[in-house]
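Paired with chain B in one complex and with chain C in the other, chain A is shared by the two complexes that follow.
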Partner chain A sequence: MKEMVKSEGLTFTYMEETEEGQTGAEMKKALDGVDLSIRKGQMIVILGHNGSGKSTFAKMLNALLKPTSGSLWVDGIDTSDDEMLWNVRQSAGMIFQNPDNQMIASIVEEDVAFGPENLGVDPPLIRQRVDEALEAVGMAAYAKASPAHLSGGQKQRIAIAGILAMKPDLIVLDEPTAMLDPRGRAEVMKTLQKLNKEDNITIVHITHYMEEAAMADYLYVIDQGKVALSGTPREVFSQVERMKELGLDVPPVTELAYRLQDPVMQEKLKARGIEIPGDILTVEEMVEALCPSN
Partner chain B sequence: MPIELKHVSYTYDPGLPTAKDALKDVSLTFREKEFVGIIGHTGSGKSTLIQMLNGLIQPTEGEILLNGESYYSFPEGMKKRQLKKAQAARLKSIRQQVGLVFQYPEHQLFEMTVAKDIAFGPANLGLPEEEIAARVDECMAMVGLKPELKEKSPFELSGGQKRRVAIAGVLAMKPAFLVLDEPTAGLDPRGRDGILGRIRRLQEETQIAVILVSHSMEDVARYTDRIIAVDDGRIRFDGKPREVFEHAQELRQMGLGIPQMTELGFRLKEKGLPLHDTILSVEEMLQALKEVYSC
Partner chain C sequence: MLRDITIGQYYSADSVIHRLDPRTKLIGTFCFIVILFLIKGVYGLLIAGLLLLLIVKATKIPLWYIVRGQKSIYILLMFTVVLNMLMVKGDVLVKIGFITITREGIYTAVFMAMRLILLVIGCSLMTLTTTPLQLTDGLERLLRPLKKIKVPVHDISMMMSIALRFIPILMEETDKIMKAQSARGADFESGSILQRAKALIPVLVPLVISAFRRADELATAMEARCYRGDEGRTRMKELKYQKRDHIAKLVILVGCAGLYMTRFLPSITQTFYAITGLFS
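And then the complex of A and B:
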């Protein structure tokens, strides 16, 4: 079984509420026939403007929402199967935007222990899992600290440790860096990459930061409940015009590479032996293209 | 009508073991009509600073003045009741002139309709009905909300629209300073550019001064005229974006960064490319490359 997530015709409709709080006649489709498959060990980023349906998809991975039609399997488990609900939730851990809303205990290690305790894990094993999880997110030194005194990035890493202690195969993160400062964002991204590369945990990361998306193995762009674009970051971001149409953006270097494709520029650059590919993703690649080392 | 901070310090929990100096001897002037960006990591003191501008936090030491008038000192010999009245009146006037939009301001919407929510501030100022109605229309237009949304419930709107309602509510007080704490957090690129672009235009057209707290170096580089970098309760840099972003290494040590194009510019310079100024945007980089390669 190599697939971590698979969806077929995944659709989610909801009744839009009217002003009086009554359900009106209008049905809205948050997701509309999404087919995708995520292999084990992949780092996936989902992009899409606010209201595109991407958060609905995230909540379905954790069985917080169930498909209206179509199917979604997480690690081979059908998320519509009520009896398997807790298996899905143990398998797919979820992290949200605001770290403060995810802290429940007054001491870091107790917060991390909350998940495995609820799963009924043996106490000595809980101890071990908490220590390992804090180690994995680089927060072992803060085990006895109060979450209130931590920075946003640290709190978010504690939240991730809380998920890790449940030994998930998949971590779903819905804009985990939106409220963080640049250092906090870098800390969280480093943690995610480490968990993905070293511990082979599948990551589904929803973000509005294109630099973060550039680090993924594969991107899905959701628009109006459908997959509008998918591919490697290089394939997706090189479609600059299409991304802008979708209300999204590309990293500044990719935009620069795209603007340098202008034929007059290309010719002048070529005369000096410089060729700029249209799908540059990082500053390093652009430096190498403009000033080739050999 | 400047806001001046003179040797301002602020300590949370003074005298307790948890005491923390959030601001340390800060002297700073916010001039009228400016577009200023404030950057600093979480806990650097920037939130304390902006709450001070609005009179929500009183300095433990030092003085803060609006238009030459101190926020908190009054002539000696005032009777207690008189003093209380004067203090309340001054704070009210400060909050009218220095409008503060908090992070995630959409959580603070509470009225039945968009129009009522925006009217809340001016209604509290005791303005006549017609004036309030005119301000609601005007401020909705300023933030790019269509008039037909007026009678909608704010809770029916999208996240970006809700945020615009909250900003319009502060603008309706006609402040001289608009202070925004991360107004684009959690918005998608289009929502972000929509709000910041509007605010920039508003500042150019109406001359309102804008003070923008942001974690996005790209945004402050693109929209502001002056950047103040706060670290450990002190002002580390205060200057034009081009000047401040020259200090890449120091900014990184402060847990911040520089725009991607600025970084690229430095790297290309190291490789011997004759780039002159500090580069802030894709547009500037294109221009510079055109000059270098005489396109």
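And then the complex of A and C:
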């Protein structure tokens, strides 16, 4: 499979801006030698506590920020190449945390059309893309509505449609569910999974929610600008102690399973003929372990 | 209270007026404003009001919705009425102390109030029936000739549409901040005007800061969606004049001409004097 994103020694340093608008002293190394590669069609989750550099990484994927040193390729394009800037932004769509602050128009379909309009797509084709994109996120019925009257989850799905209409290969989401209620979160996650599975769009999802991270194909945990852990959710979450060191949680069910690995607990469980593996990710798996007859 | 303001807000409905080309509506509104200032008598304004009412009917927007949205201009309206009543000199009708109310005063006050109401309703009809993006698109197209003399027409219209888009969001935010400050004991309701103005500072500061943060995020989001100004940009809904637009323009022309003619009607002041004459 082809690589969608590849980085080598990716480093980014925020510079202090002097009054003349020139870059002055170094302020903070947000990313420090990140090497990773994301294959096409994968669903990737990036974890990390606040200030770990994960949002910086997201902005670099969209060429909003350029590497201070090292390189980053998106779909084979070097993001530091100014000539290809708009190609990078077209193929790597970006969704931000606050749904209100990324909507330009006061009508849903006009907002979705904003991206393709910027790309200079033919008017009839824009119409078609907008309708398809709204259909894909299940918001076709709201095409003429005003975003002000929609819920957070719906607004975020409109934002996703706005990116879809630009026909990206990769969607980068920077904590898209942080401001949503549980129902909105579920809506957005369902949409993302559908896009990933059915339309084969690569997804890079930055989140704080471990339940969402558990749905990924592959996880990267970033700490102080470096990749601290990586692997499938099962591999990463089974390292409960290491995750805690990094200031992160694991899904509650995983933590429960982990605690049950204690020899005393194991003894008690064994006495009842129950065996619980240490790498449980979902509630369903726990149910299965407890009542195998199901 | 703040939520009720409908200035600059779009009201979604399916009507002929909604479907008109934004340029037609812009031209129509502009003509309407000009003609309002050319009309001399109350008769003319009454006819203009009647025509406006017909247009409101055609937009399928409930009248109460429009009227409710004008709340914010009531203060201005009162101001105009009171000032005109007291300041205009002429035949004295009532005299209490230093306050004198004249015939001409009442007449001018009524006339000015009507003009102001018609003006605001006329303008809000345009924004109610046109989405901000259409509106600014129309404006951009109408002002396109100015581009030749280096006026950044596209940028201005983009700024306008974003401003309109953020009105409800900032309103909601003001409401939220006011409530948050009230919960901590801020008092916006009592005290002198100066005290009340001072009480607004803790509302304005966070509001302005948050507006800047929003602007920053929005700019990033726009860049991420490949926005690079006017260059190479297309539109989903290209503006094209339809048959209905030509008809509408004809209606505008005839309407304006008709309203202008009211200048030559026998002056209403005579009727007015006759009525007020009964009381003096």
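Rule of thumb we're sticking to: the second predicted complex is superposed on the first by the 279 of 294 C-alpha atoms of A that agree within 3 Å, B and C clash if a C-alpha of one lies under 4 Å from a C-alpha of the other, contacts with A are read in each partner's own complex, and residues count from 1 in each chain.
Everything below uses one rule, namely that contacts are C-beta pairs under 8 Å (C-beta built on N, C-alpha and C of every residue); 3 or more make two chains touch, one makes a residue touch a chain.
Every value quoted in this text rests on a predicted model; they were computed, and no experiment measured them.
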item: Partner chain in contact with A:53 - chain B first, chain C second, else both or neither; value: neither
item: Partner chain in contact with A:211 - chain B first, chain C second, else both or neither; value: first
item: First (chain B), second (chain C), both or neither touched by A:99; value: neither
item: First (chain B), second (chain C), both or neither touched by A:225; value: neither
item: Partner chain in contact with A:144 - chain B first, chain C second, else both or neither; value: second
item: Chain C-touching residues of chain A, taken from the complex the two chains share; value: 59, 62, 64, 86, 89-90, 93-94, 96, 98, 100-107, 109-110, 113-123, 126-127, 130, 144-146, 148, 162-163, 166
item: Touching residues (chain side chain C, partner chain A) in the complex; value: 10, 12, 131-133, 161-162, 164-165, 168-169, 214, 217-218, 220-228, 232-238
item: Residue numbers on chain B that touch chain A, as the complex places them; value: 40-43, 103, 153, 156, 158-160, 185-192, 215, 217-218, 255-257, 259-261, 263-264, 267-268, 271-273, 281-282, 285-286, 289-290, 293-295
item: Complex contacts: residues of chain A adjacent to chain B; value: 19, 48-51, 97, 151-153, 175, 178-185, 208, 210-211, 247-249, 251-253, 255-256, 259-260, 264-265, 268-269, 272, 274, 283, 286-287, 290-291
